[in-house]
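So, here come the structures, one by one.
Each of the two complexes below includes chain A, the first together with chain B, the second together with chain C.
And then the complex of A and B:
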């Protein structure tokens, strides 16, 4: 890729203004103490100084709830997306990689998902290198790292008084052409390398997960599922916070007293009993055990079969947010050791 | 499918027929509101039928692509969407998405014998297969159909079955669970009748659809008769939302029923974790 640029922090507003001029801008904001991604109207609302937000960035492209169609029986109209494309700033490498995985699900195959595709494929992804990995972060297990640039158009590194900008795609390079910047000095690059090195070495011991897929191939009847189910509340916090969980429900709504209806899509989770329950009452996954097994197998076994990689980026949100402290890293290690 | 795969095609309900004596099964013949619309499908595929405001649900296509001018679906009234469908009147509009999924491997059946084994209202896509094979009758050798229901009033498409009985190029065996007055055909469960009347497995492909308990007891019969798992096919059902492999709920192991199925060979199913 081309040369790394240096943007003095005093000029950050200028960079953000350039994003505003061409994109609807999303980034990390402080929402009453909860750090999440939201559309911002001004640079002041952005929080680029925080660690990885509590919520993942997937909701920008795959909203928790969205209207697919509106109308009545005679006429059905799909929801129109604003013409202005989306830019995300401050998304961490793990979430950017998660979007690439979601794009495999939504953007490939015989039928692509138009709602996802028009948002994601036109978007500018400006990642922020993760100088302070959080407790529970384990992206290094999954072939990634706090400064990975997969799925990034422009990769930022905060070096204190300045931000380094590295174009990672043609789209990113084109955008940076409009931002007058000096080239990063050798000293800047050394500083960035130090920050990267410190972040990488701050992460807990890396586990080799290369045998996990085959261990899970043999784990269908493992007694471990029963043990894990004993702890899991099936609350699905893990699924909602996960940057790669993509399961959804489609429901219809009718405004009372009118003919106006809409068909909405809502995040759903395989942890919910109703997820697979059929109208007859039959449920192919009748207990928490089958549902927990589905979640783990889908991410670390089935997704590998279908898309060639594990559907986990190691962001650690499921670990930090689990109300019963069920740590997916421990689950994986136990299956690897049992395998 | 170009465009937005969530937008249903607008269909007109042309004909409605109550199919069973308990009135839980209704058959709908639908036609495209836009007469220019084209729709290519094969027996075994399914569609999502919807009434905006009530919801959407998957149904196997009961018509055959060789029948022009209508698409047929038989709907068992069991939940919110199917109840709303049962309330439809002739001339009303409903939404349709599809066709989705794979189909019965009719190309493999070419020049071969075909055995269809069915129970209850799972007969829908097998009617499609039967009509399709009759329309290309020269492509197939012997055709045998075994179809059972609890009682005569629950057999689908009775008028049509009466026509099928007259055919000299079809071995049709209708059966009911318990004898009733006026019934002059077979009495007994589908697995037992299969054991009795199934053709030789030599150059024969079997397609089995029915309630899980029927499939559970019919598969061993076919294996015992010498049908290899590669030549036994079935069609699976699952709760589905999108129909295109994205919403994540109809998988069995790494296979999605909506895109990798709904038609699977028994050999394929044996390689998947059991989750019926």
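And then the complex of A and C:
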């Protein structure tokens, strides 16, 4: 790709202002101790100095609650989306890769979801290299790394007094043309390489997951499901914090405070009892066991069949947030070892 | 604690060996040293992994209702005060028979709020966690962080009045003293000094974080409805969005459903992936039930629960 640029940190505001002038800008913010992505108007609210936020960035493009249309006595009004395209700054490589996976489902495959597409297609993804992977991070298992640039338009590396900017797409290159910057020096690049190296080596040992898919092909009736499900609470903390989980439900309801009805799309989770409950009352996934199996199989088996890769980017949020420390890494290793 | 652990393992091994129980629900070391994970010991070999220490924050009582067991089998449970209270409340509410459970009391001096630890160790992997008096030390690759216990304890533990299970069949070592200075309810009192709009603003801010994952409900030993009101679909009573009116309603109704039943274990708060203050509502309801009906849940197995009892002398000025 093109040459790497250097932006003095004192000029970060300027860079953010340039993004803001052309895009609806989203980035990590501190919301009462909780790190999440939110729309911002200036560099002041952004937290680019933190580790990967607690919540993933998927909600920017695929909101947890989205009004698709409102209806008022026969008149149907589709929800208007602001014209300005979206930019995300400070998104980690894992989340950016997660968006690429979601795009396979919503944007580039057999189905074209207009709500997803209109947001993601023109978006500018400005990733921040992950200099401090968190406990539970395991992107290195999934063929990625803390400084991976898949799905990134501009890849940032924080080298202390400055940020290095590397254009990773035409879109990114175009945007950077408007930002007068000097080229990164050899010393800057060395510093960035050191940071990358340190981040990679700080991550826990890598496990080879190449046999996982075939192990799961044979695992439908495995007694391991019973064992692993024993402690699972069947909540949706894992699914809702996951950057690649994408199941949803659509409901019509009265829009609160009005006489209108609205059609909403909301996240759903295969861990919930209602997920596959049929109108008859029958539920083909009656217990936590069938639901946990669905979650693991969808991510690490069916998704591979359909899209050619595992629907997991190793961000570790499910591991950090699981109330009973049901560690997905352990689940994967158990199935790999069971062959 | 090493002593407690060894005695616990020996005891559980003995109970399994003598077939006094078919399974013991306990804690094992989690995937990072400041977390534990629930475990079901079914054979003597399983007992090696049992632990009990400051990391054991899950309320295990709810597994009693899910744990596979044959008719007549007894299940053992490693019980802190709050696990024990949940078992007692199950018995009082007719969910579990007292004789089906073997309560193994353990001396609890409070458990960690893993979110507080995570923040303070800056998210690094912890390979060892030890308690040294009032200090908790977390060790990992190239670092060691010491913290005051009170800074990393779960808030519910700081309010704890019942550190020991109210009833038990065996106790590993000795019951611990409830520390009266810990028993304050300063948080609630301070909160009540605020005006109505400030209190409302507080709850708005807290519940705006909610992603409706229901980890709080599912971690709660007292949320055992076969079908939760938010999961009912015919008719559907509650909106499914993350709009504040929907999330708030869920939390308020849940607090009311657990009125006179909540055993104040704080499992909901520790389970919440977003760190929402969930217990303030419960604390207020707990006080209401205690002052109005003289009832504290989870203490006496054969006492009729406040919400199931009728007493002509109950205060009813609110309807007169």
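Details
Note that in this section the second predicted complex is superposed on the first by the 329 of 339 C-alpha atoms of A that agree within 3 Å, B and C clash if a C-alpha of one lies under 4 Å from a C-alpha of the other, contacts with A are read in each partner's own complex, and residues count from 1 in each chain.
Keep in mind that, in the parts below, contacts are C-beta pairs under 8 Å (C-beta built on N, C-alpha and C of every residue); 3 or more make two chains touch, one makes a residue touch a chain.
As the structure is a computational prediction, the values presented were derived from the model and not from experiment.
Superposition of the two structures on chain A shows chain C fitting alongside chain B with no clash. After overlaying the two complexes on the shared chain, residue contacts for A:277 are found with chain B and with chain C alike. When the two complexes are overlaid on their common chain A, residue A:233 makes contact with chain C while staying clear of chain B. In the superposition on chain A, A:97 makes contact with neither chain B nor chain C.
When the shared chain is aligned, chain B comes close enough to touch A:78, but chain C does not. In the superposition on chain A, contact of A:261 is made with chain B only, not with chain C. By the touch criterion defined above, A:33 lies against chain C but remains apart from chain B after alignment on the C-alpha atoms of chain A. Within the superposed three-chain model, A:251 lies in touch with chain B and with chain C [touch as defined at top]. Chain B and chain C, viewed from the C-alpha centre of chain A in the overlaid structures, lie at an angle of 90 degrees when rounded to the nearest 10. Of the two partner chains, chain B is the only one touched by A:306; chain C is not. When both complexes are overlaid on chain A, the residue A:111 reaches chain B alone and has no touch with chain C. After superposing both complexes on chain A, the closest C-alpha pair between chain B and chain C lies 7 Å apart. When the two complexes are superposed on chain A, the residues of chain A that touch both chain B and chain C are 249, 251, 253, 277. Across the interface of their complex, chain B is touched by residues 68-69, 71-74, 76, 78, 105-106, 109-115, 220, 246-254, 261-263, 268, 270, 275-280, 284-285, 290, 294, 297-298, 301-303, 305-306 of chain A.
Residue ranges on chain A touching chain C, taken from their complex, read 31-34, 51, 54-55, 64-65, 132, 134-136, 202, 204, 230-231, 233-237, 239-241, 249, 251, 253, 256, 264, 266, 269, 272-274, 277, 319-321, 323-327, 329-330. On the chain C side of its complex with chain A, the touching residues are 30-32, 35-40, 58, 63, 66, 118-119, 122-126, 141, 205, 209, 211-215, 217-219, 227, 231, 233, 239-243, 245, 267, 270-271, 273-275. Residues 1, 3-8, 10, 50-57, 78-80, 82, 92-95, 237-239, 241-242, 244-254, 259, 273, 275-276 of chain B are the ones that touch chain A when the two sit in their complex.
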